[in-house]
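Some structures are shown below for you to check.
Two complexes are shown next, each including chain A; its partner changes from chain B in the first to chain C in the second.
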Partner chain A sequence: MTPVVLQLLNGLSFAALLFLLSSGFTLTFGLARVVNMAHGAYYLLGGYIGLTVIGLTGSFVIGVLAGGVAIALLNAVIDRFLIRRTVGQPLMQVLLTIGLVYVIAEVALLIWGGNPIRVPTPDWARGPIELPGGIFYPRYRFLLIVLGAVVAIGLWAFYRLTPIGAVVRAGVDDREMVSAIGIDIGLLFALVFALAAFLAGASGVLGGAFLTLYPHAEWDTLILALVVVIVGGLGSLEGAMAGSLIVGLIDAFGRWLYPEAAAFLMFGPMALLLLVRPQGLFGRAH
Partner chain B sequence: MPEAILIARDIRTYYGDSYVVQGVDLDLEEGQTLALLGRNGMGKTTLIRSLMNLTVPRQGEVRLRGNLISGLPSNRIARQGIGLIPQGRRIFPTLSVQENLSLPGSVLAGGRDRAKRDWTLARVYDLFPKLRERAGQMAGSLSGGEQSMLAFGRALMSNPDVLLMDEPTEGLAPVIVARIGQAIEELKRAGMTILLVEQNARFAESVADKVCIMSNGQIVFRGTPELLEADPETRQKWLGI
Partner chain C sequence: MSMARALRMFGTIALVLAGVILLITPYAGNPFWTGLMAQILIFGLLALSVDLLMRHTGLFPMCNGAFFAVAAYTVAMLEVNYGVASPFAALAGIASAGVTGMVFGVSVRASGVYFILVTLALGQLVWGVSVQWTWLTGGDNGITNVPYPSLGDMRIGSLTQMYYFVAFVVIFFTLLYRQVIRSPFGLSLNGIRDSESRMTALGFNVTVRKYVAFVISSLFAGVAGVLYAYTVQFVSPAASSLLISVEAALMPILGGPGTVFGAFIGAVIIIGIRNVVSGFLSGWPIVMGLVFIIVVLFAPKGILGIFNDLLRRSDRRDQAADAARKDVREAEQ
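Then we have the complex of A and B:
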């Protein structure tokens, strides 16, 4: 029984990280039709920046916030001067943002080197935590599950229950009509972009504490985010939740039960799902 | 003659290489309902879209109360006081009826910019009681007629001085068309200025003060509904009725 629970917790904590990473990614796509391939590079760079800030300040929380804020600012510049120029040209956008992945990863390699680095966890998150039933589990990963759940509920409530959330949902439905009733869609995009970039950068710090930061993580992370949003449905927050849980749990149980087929277990079901439901679980057919 | 509230001069709009609106002038006087008739594909919708800069005209000028609005982003044109009931209604299907109606007052819409606050949720619900019953329902699950009323109410909630309506009766049952007609009459009594694009000439003639006919991107007839009704030759030639 205990190993099943442990794998379940592993799956949930990975899912929490995946949700933090992909919720902004999916909303950016749903609202602005921008597929930002640099999202994984944002994760990695945010993680490295957080690492450095933790080294300077000694505070894990400040490191997480700094990683998020730095990436939100970087993204504002990239959006303003580069991504804006590719509006309505998806192929250009993909090429541009893939180019950015190389640039960002190369800069990170120059500054932080090529060896995997683990972001140090704070004292209050170290060691095991005893759960009911006498199960011991790493405290940090347990807290990550809690954080993921809190952010998921907060984002969901913001998206579903607040007036600004309604504007975002309206923008996913029909951007042009949102403009035609007087709403500054550019401002709305900027808000959602900033949120998405912040979450990507912050999750780099959070993820770096147990997955380490290493060259090529920009691609591994991008692929996972893509699988999550494709399975869940592009543009859907609920889809990002479901996709994160599915990918997180498949990853944990796949590695445990069929380690030699773990990659197939991740992509096989995705391919099958796309055959049956090309728009993903929560996506809408266009 | 009173100064027109909305003036469009020499609007020319292209879709790629095709020349859709070919130099149109329009004058809307305050409180007037102007119907724009014409067959399908004659440029009526493109003209309406050009007025709000949803499709960017290559040339021309639009003024609202004397202020130049052409070239502004659509959201700023809306804030200056132009409301749109678009072709196909285009309500936000995944939002509730009440959310649809509340969006134009959102802070992101500069809800507090405009001094004019004539239209409230309660007043829209009084105009269309059906919407009050459906307030919590997803807009996508409404019937076609209810969606029309919602698109109507949503446009009013931005408190426009001028309302652009692009075929509000398209595909609706006669009883609903009559209901929309009543709503237009009520708005007229309240002093609203309306530009109505219609295929349904009889409906348009019944509510309009003035009528224009558009053909191949140009205005080919201007007059009163009575004049048009008394002119079977013009009706036959440009409207096929």
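Then we have the complex of A and C:
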């Protein structure tokens, strides 16, 4: 029984990271119809920045926040001067943001080098934690599950229960209508986009502590986020939750049961789902 | 001489020059340039396969690099591990790309952005196999020592011969490609691109046509993959990298719309950055990224598009000048 529980926890902690990573991606698409291929590059750069800040300040929390804030600021510039000029042209937007991936990843490579680096975990998150039933599990990954759950509940409550969340949902449904009744939709976009970038950057620091940061992570991470939103449905927060859980658990149990196929096991359910429900579990036809 | 005539002459000269370069490259005396030219031709063909979906059908595929890689790996494995005769190995390579295309074709059920994301993820599936199934693909070491193709006793013995073989095959398939996009089927794809609902209303089965276009695209990508395996003589996960799909998509846009030349012009620049600029600039991916960004923001019509715009503008200026001169003459009489 214990190995199953352990894999379940592995899956959940990976799912927590995936949710942090993909919730912003899916919301930006839902609201602003922006497909940002640089999301994985944001993750990587945020992770590296957090790593450096942790080295300077010695504080993991400040590192996570710094990674997130730095990427949110960078994204504000990129959005204002580049992405906004491609609104309504998905093909051009994809190519533009892919160009950004090349640039960001290469700059990161020039600064931080090509060897995988692990973000150091803080003392309070090191070592194992004993769970009910006498199961020992790495404390850091357990805390990640808790954090993922807290953020998921927080985002969901924000999205479903607050007035601003209602406006965001309305914006997803019908942008023109929302701006017609006098709401500053541009400000709303900027807000959600900043949140998405913050989450991407912060999850780079969090993920870097157990997956390490390495060149090409910008693509690996992007692919994971894409699979999550394809399974869950692009533009849906609930979809990002469901997609993260499915991908996280398939990854963990796949690595355990079929290590040979682990890297692409999650694409199987994705293809099957496409046949039955091309718009994803919670998605609407676009 | 008027601007328009100068531009036309420049266009003709460029075309003739390209033809001459195509013919004499192997005699430039440096195998590096011969190999580079061969790669430009091969990736130009791959770019055409992307363009069939991208600009002719309105779908943006991110998995053509996967078809390319499947074909390349198939040829390499059959030739190196099983000693299969080249014609059969090549056909098997193209067929394997086509079968992969038939499977990945489920993605035409998705549209717009969703199609992009789905094909991207499916393409990564092939990358996963090429990296992880070491027993099949050799993992990161890849498959080395792929021989040049042969037919019975006839054998391609040098890079120069291989180059002309590649040029012949690429030109043949480029002409075939032109037939496809000019056929009634190809024109119906343009109709789908412009308005799916209109084509459906006209009685076309849009999904089936998109699916067929997808499979045709995978076959063309497969031809490019076969040529790649034989020319480079080495297949590694780099062949299945997402970057191949991405760069192949940029090539026709960078080159420009309207003709098959655009894809090859784009290939010259992209392959040039990848193989020439990378030789003296360690941060060359930044150059590549900037090319993506500049094309999207400032030259979405590509090089040929800019050329055509210039030509049209100076034609109009010439006409205006002619009309003015005529007016003056009539007034004088």
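Everything that follows uses one rule, which is that the second predicted complex is superposed on the first by the 283 of 286 C-alpha atoms of A that agree within 3 Å, B and C clash if a C-alpha of one lies under 4 Å from a C-alpha of the other, contacts with A are read in each partner's own complex, and residues count from 1 in each chain.
Operating definition for what follows: a contact is a pair of C-beta atoms (placed from the backbone, for glycine too) under 8 Å apart; a residue touches a chain by one contact, two chains touch by 3 or more.
Note that the structure is a prediction, hence the values are computed from the model and not measured.
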Inset, instruction - Give one of first, second, both or neither to describe whether A:209 is in contact with chain B, with chain C, with both, or with none. - result: neither
Inset, instruction - Based on the superposed arrangement, let me know which partner A:227 touches: chain B (first), chain C (second), both, or neither? - result: second
Inset, instruction - Classify the contacts of A:271 with the two partner chains as first (chain B alone), second (chain C alone), both, or neither. - result: second
Legend entry - Touched partner set for A:169, first chain B, second chain C, both or neither: first
Inset, instruction - Return first, second, both or neither, reflecting whether A:54 touches chain B, chain C, both chains, or no partner chain. - result: neither
Inset, instruction - Please name the chain, chain B or chain C, that touches the greater number of residues in chain A. - result: C
Inset, instruction - Figure out whether A:185 sits in contact with chain B (first) or chain C (second), or with both, or with neither. - result: first
Inset, instruction - Using the superposition on chain A described above, determine whether A:35 touches chain B (first), chain C (second), both, or neither. - result: second
Legend entry - Common interface positions of chain A, toward chain B and toward chain C: none
Legend entry - In the complex, chain A residues that touch chain B: 163-164, 166-167, 169-170, 172-174, 176-188, 284
Legend entry - Footprint of chain C on chain A - complex, ascending: 29, 33, 35, 82, 85-86, 90-92, 94-96, 98-103, 105-107, 110, 219, 223, 226-227, 229-230, 234, 260-264, 267, 270-271, 274-275, 278-279, 286
Inset, instruction - Under the touch definition given earlier, write down the residues of chain B that touch chain A in their complex. - result: 52, 54, 73-76, 78-79, 83-84, 86, 90, 92-95, 99-100, 102-104, 106-110, 154-155, 157-158
Legend entry - Complex contacts: residues of chain C adjacent to chain A: 54, 60, 106-107, 109-114, 116-118, 120-122, 124-125, 128-129, 131-133, 242, 246, 249-250, 253, 282-283, 285-286, 288-293, 295-297, 300
